[in-house]
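In structure tokens below, several structures.
Each of the next two complexes has subunit A plus one other chain: subunit B in the first, subunit C in the second.
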Partner chain A sequence: MLSKTDVFPRRSLRLHSTVAALTFVSAFASTAMAEGFNPTAVINIGSLYEPQNLDNTAGAGQGINEAFNGNVYEGLFVLTDSGDVEPKLIDGYDISEDRLTYTFTLKEGVSFHSGDPLTAADVKSSIERVTAENSASSRKRTLAVIESVETPDDKTVVIRLNTPSISLPYNLSYVWIVNDDAGDISARADGTGPYTLQEWRRGSALAMVPFEGYWGDAPSNGGVMFQYFTDATAQNNALLTGAVDIITSVQSPDALSLFADNPDFTVSEGASTTKELLAYNDRIAPFDSVKVRSALARAVDNKKLLSAIWGDYGTLIGSFVPPTDPWFVDLTDVNAYDPDSAKEMLAEAGYPDGFSFTLDTPDYDPHPVVAQFLQNELAKVGVEVKINIITANEWYTKVYKAQDFEATLQEHVNHRDIVFYGNPNFYWGYDNPEVVKLIADSEGVSSIDAQTEMLTKANKIIAEDAASMWLYLYPQIVVSTSNVSDYPLNGLNAQFFVSNIKKAD
Partner chain B sequence: MLAYMIRRLVILLLSLFLAAIVLFVLLRLLPGDPANALVGVGATPEQIAAAQAQLGSDQPLAAQFVKYLRDIVQLDLGNSFVSRASVLDEISRRLSVTLPLTLASFVLALLIAVPFGILAAVKSDRWYGLLLSVVSQVGIAVPVFWLGILLVYEFSLNLRWLPSGGFPLRGYADPARAVQSMILPVLTISIVMSASLMRYVRAATLEVLGSDFLRTARALGESHTGALMRHGIRNGAVPVISVLGIELSTAFLGAVVVEQVFSLPGMGSMLLLGIQQRDYPSIQGVLIVSTLLVLMTGFLADLLQRVLDPRLRQGGKQ
Partner chain C sequence: MSTASTAFPRRSKRINITFWLGLVLVGGISLAGILSLFWTPYALSDMAGGRLEAPNASHWAGTDRLGRDMFTQLMIGARIALIVGCGAVGIGAAIGVTTGLLAAFATRFLDDALAAFMDILIAFPTLLVAMLVVAAREESSLGTAILALGIGVSPIIARITRILTKQVLGQDYIIAARVSGTSWGAIVFWHILPNIVPFLAVNLALQFGLAVMAEASLSYLGLGAPPPNASWGHMLHEAQGTVYTAPWGAILPGLALFALVIGINLLADGLRDRFDPSRRDM
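Let's look at the complex of A and B:
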């Protein structure tokens, strides 16, 4: 009964990017329902991602971001659902000439759920919770640029860096501001967000109620209950029977037919950042050859693959960068589907009769199906694919850590993760000095425009190098009953802001 | 009887000890050090060493085994790697779902299986007696998860009578919803369980029906039903009870599947989650507690058999 995606929730494979901030597309689902909603209605949200504990520095998983980011805890900045980085708990900030010192002025009148006022000391301890030695936060590495945090007075925080970092505001949007008196927060919470944690029953549900003393706009609903499912079918049934109002991300296209043509439900497609790709081990022959990689990319009809797996949903991409990253450009024409030229290029590269390789394929959806499709496509240009099914754990140890593989399939879920191509030690071993330099330098620039320009250039180079075979971008699908509106669609970084959600009677 | 109880208790303790050894060995046979699971993928060698020291996995096996036994005796099952919470607390919370689920299913299965099993035996020459045997044969072949899905489809999705899954946030403090969310899971387990129980009850009854003592009772003037009630049930119950112990254990383990189908926060889902997350303390804790419960069930079933059957008490054979 356990579907394979559940065994290893794909977002647990989040690998992290360091790059900086700004602008994307898309917004909130707004239907005609905005009028006439019930401000006391409790919104029931179905999710497959139960947090493992309530502390995002203690390996709580993506579920905690979904439930708590922006709802129970807030940061100095917020990454909005449209991808902008905006100030949240600060009134403003100054950057020194050398871009090494940031001075933040905290917002007045902000208090924690326990009643304590927000002070600079809380911010300092919150940043240190993430950077602490025993912290398991995925953001720890990106905040390593922080040299010190000082608190000249209660409302001022000074952060000193050891090297300029254009991404600091973006990275700070991941740091929860926690009351410094809160102690262990693995089973309770004390944040500044619009909701307080009411109760969490492990394996079942997590309830939040509006915080009376919230500094900002009061929520449009009377509370939220996240109901956790271990099985996607059980979750769909709960939506069908009205036990939940929304499911946060649909993992399989099969389920959509239940909802798509039914007026009782709304199916919304947001911008996803999850990329399905075939990663070659670029260190070893024949995959160290750009010609071979380009040939293979041209041999595969991605459009056919995407439609076989997701029907009308999902997007084709010509590179690793999704449309919601600022450095996106449409590169689907580079190495577009063209089996004839694929054969020619293989011959030019010295493989007129093709070759064979082993494709390490994670055992959960959609990888095995994708592997078979690739096997068929590549056979047409004389390349034999040997499919080797492995578990997610094996993938970590064999492919990710030991880098002992020829090619593998994987989904990469983060936005702004082009930086992986700037790290020659990353599992796929892509090593182009120009890209390494562009990505490294883009962090030290003084403007977002300069950063965007450099990363756009890097993006084009990896596409021309066919560094990996980027197959498609997953759709990000939220399904709700039709009397619920104004929920976030994109779910960037697994966030799910619930404060604006409205439910009509 | 007392001597037997003591002997049986010694056997119980010995089995527990053996089971503990098997669990210990099995968990250590798994590839990889639990310390790796504790600190995660990106850990430095220093962090792994620190985790090993914390878990004691750097100690010699003998020392680890002594500590392991001591912890079990003291009911210290450690803290989960992922939630950091006490495993024993979590298990007791989860048992509050799994035990009622198992026991209610068991009772319901008995309520179905005993009367229908007897009926199937007594009326084995009638069409409905035959039908009952056929139904129970078919019922044995039904996979639990499939039946669960069918019940959800009919009673939740079509009729909208019952929730399709989940358990209320406040648990039994929300009694109406808690009971509602238990109905389909209980039906699922008990229907499948009653099918196989019915076969045993039917077989035991048939044997009793052909027995000399029943004929003698009839000869002494008791009615057919009276003789069956007074002598038949008690005699027929003895072999059934030995099966019941096993069935109850099976139901407990079958809860793993049913909890998954219905998203119930019980022991079964805890075990599955623990395995997915390589949460060694949770896996070990669930296995220890389940083993204990299964062995205790066998122990109680044996005692009950002795109470019902004087021949066993006198050291005789059935």
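Let's look at the complex of A and C:
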């Protein structure tokens, strides 16, 4: 997978209307069980993503976001499960006329788990933890626009920028506010969230209990235990036997048959941001030709592929942008399935007899089976696909780092990652100056609408250029026992807010 | 085994059953594999079927996730299993018999060195040796898998060849041949090989079964021939995620693998009873 640490997203302040219209599930699952819940029950959550350590600026992996974001640590802003960016530890903020100075007023009565009150100095040191020289945070690059952080008094923070950045609040939602006295937090925690870390048993589980002194609403459960699995089957079995109450994402529709028609379990589908795609190396022939890329897109029946992999789940989007991004438009009609015209276009592009290429295929599901599907589909228009199976590590070094490939398969998990197409040095090497400019300029605009308009335009150009072959959007499926309710469904950027989860006896 | 007086009639009956049962299993699978060169119910690339269809009149063994016919894949899998088995045993025999003969004729020191080397190789499971070879080649293909398995099974063949050759070398007729001026090459060709081949054949058949199993394991681990080669191990790999919804996808290639390996073992058993003088009924 392209890990969540590679994200370079830009986030708007409020939920765009298209998101509201297209998000077909509410932010939280609610069932009839919500009434008679047990406020002291401990929720056991099954996950495949154990953090490497407990510090999100030290290469801890996506698992730390899942466990700690919004649960143990909070930011000045929060990215809610429905995709809103809302103020969290601040009462309000002002933006200067030139959009280069942000002044934040901190909330009163917030204290850390250690008992220290929240002050502006904590915020300053927290931001500096992320932007520091030795920080491994993925936020570092997006926060490079910050010129200085000032603390005129205990409750006021002033952030000065080099250039306007409309995504600053979104980017700040990733910055944990950590007590400036905490020191090394790679094996312990001191945040302001509703839970304190109770115990981390490396290799198996991470336990959290409610924080008595929490400034907001107390959690509706008596604690949470993340249990880590290395294998999806073991995780499914743990849910079947009652060892865990929830699993945060199901990886195949066939595992669902265990739970789907069973009254003991609830299967919920959230909004997904994970896209399966065939990325060409757009720098090299024949993939430097828009005509060739468009022809290949038309040769593949995505609908059949999606139903082969996911049965009745998942969505076709026709581009890299999922419905939860404000700049989503349905582009499935651009280069829709049409093998006859694919052949003609290949002939026009100078390949009447087709050509042959190597497809670097990660060795884990669904990539090998997707590769075989593409091999069969493209053979029908005379294009020969040689499947080269590689490990995730090889993918990272050969394809991502060395960019030594013709075409590859990959799933991209982040939302708002259209910006990858604005970086000509990205592994797939897509370079359209108009798109590069649109994406760069969209950060400097003054309104969300202007940003959305520019990125929508970029999205359309990228789709018409057939920059990559976007195959389908994964479904996001959460399964729980039926006595558990009110858990987040969308899991945007791997977050999993646990404070509202209720468990009936 | 019962006493000699009652063994004769029962034994011969047992030989027939195991031998013929083995022949039927191996022969049937071989026929399917050979037939797949000329005809399969569907093309391997034909994805016209539904997702995970259960076995039915048009798809005798059901379909996989992409709607490809599983019976077609089983037939092609039979061919691949046979190619792997024959290829690996061929390579294994070429290396093993040569080394074994060399060791048997060599000086005490070289013999000991070779024996120690073979013992070390035998200590590594065949699959592990094969995985090392695949890793060293840095690409997975059917040829690499065959080469890897051939190397993997060769030490056992070498050891058996050495022991058998040493036994024959001690016989009076070898000394007689030597005294009458026959060259060592002629002795190997005329006296040793004809005497050890029957026993070696039994062992090669067992190694065949081992190689087929090991190839399935390699493919299951993704180190075998790359897709779309429908090796049985690869089919098992593909089926593991859908084993609850489409169990036949795992059961059928598993059964095919079982049938070929048990068949070849029964065949080897029958052959051994026929050739082994210690078991030959006088």
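We take it that the second predicted complex is superposed on the first by the 479 of 505 C-alpha atoms of A that agree within 3 Å, B and C clash if a C-alpha of one lies under 4 Å from a C-alpha of the other, contacts with A are read in each partner's own complex, and residues count from 1 in each chain.
To be clear about the criterion, contacts are C-beta pairs under 8 Å (C-beta built on N, C-alpha and C of every residue); 3 or more make two chains touch, one makes a residue touch a chain.
Values in this document were obtained by computation on a predicted structure and should not be read as measured data.
Asker: Give one word, clash or fit, describing how subunit B and subunit C relate on subunit A after superposing.
Answerer: Taken together on subunit A, subunit C would fit alongside subunit B, as the superposition shows.
Asker: What is the contact status of A:D254 with respect to subunit B (first) and subunit C (second): first, second, both, or neither?
Answerer: second
Asker: Report for A:K304: first if it touches subunit B alone, second if subunit C alone, otherwise both or neither.
Answerer: second
Asker: What angle, in steps of 10 degrees, lies at subunit A between subunit B and subunit C when each chain is taken as its C-alpha centre?
Answerer: The vertex angle at subunit A equals 40 degrees.
Asker: Is A:V85 touching the first partner subunit B, the second partner subunit C, both, or neither of them?
Answerer: In the superposition, A:V85 contacts neither subunit B nor subunit C.
Asker: Is A:D365 contacted by the first partner subunit B, the second partner subunit C, both or neither?
Answerer: After superposition on chain A, A:D365 lies in contact with subunit C alone.
Asker: Applying the document's definition of touch, where does A:F373 land relative to subunit B and subunit C: first, second, both, or neither?
Answerer: A:F373: touches subunit C, not subunit B.
Asker: When the two structures are overlaid on chain A, which partner does A:N53 contact: first (subunit B), second (subunit C), both, or neither?
Answerer: Touch status of A:N53: first partner only.
Asker: A:I387 in the overlay: touching subunit B, subunit C, both, or neither? Say first, second, both or neither.
Answerer: Touch status of A:I387: second partner only.
Asker: Of the two partners subunit B and subunit C, indicate the one touching more residues belonging to subunit A.
Answerer: It is B that touches the greater number of subunit A residues.
Asker: By the touch definition at the top of the document, which applies to A:V123: first (subunit B), second (subunit C), both, or neither?
Answerer: Neither partner.
Asker: After lining up the shared chain so the two structures overlap, which partner does A:A243 touch, if you call subunit B first and subunit C second: first, second, both or neither?
Answerer: first
Asker: Nearest CA pair across subunit B and subunit C in the overlay: distance in Å?
Answerer: It comes out at 11 Å between the closest C-alpha atoms.
Asker: Under the contact definition given at the top, report the residues of subunit A touching subunit B in one complex and subunit C in the other.
Answerer: After superposing on chain A, no subunit A residue contacts both subunit B and subunit C.
Asker: Please name which positions on subunit A make contact with subunit B in the complex.
Answerer: Touch residues, subunit A against subunit B: 1-2, 7-8, 52-53, 55, 58-59, 61, 136, 186-187, 199, 201-207, 225, 227-231, 233-235, 237-238, 240-241, 243, 393, 396, 400-401.
Asker: Can you check the complex and tell me which residues of subunit C touch subunit A?
Answerer: Within the complex, subunit C contacts subunit A at residues 45-47, 51, 65-67, 139-140, 222, 226-228, 238, 241-246.
Asker: So in the complex, which bits of subunit A are touching subunit C?
Answerer: Residues in contact with subunit C: 252, 254-255, 257-258, 304, 307-309, 311, 363, 365, 368-369, 371-373, 375-376, 379, 387-389.
Asker: Hey, which residues of subunit B end up touching subunit A in the complex?
Answerer: Interface residues on the subunit B side: 39-41, 82-85, 90, 93-94, 145, 149, 152, 156-157, 160, 163-171, 257, 260-266, 269-270, 272-273, 276-278.
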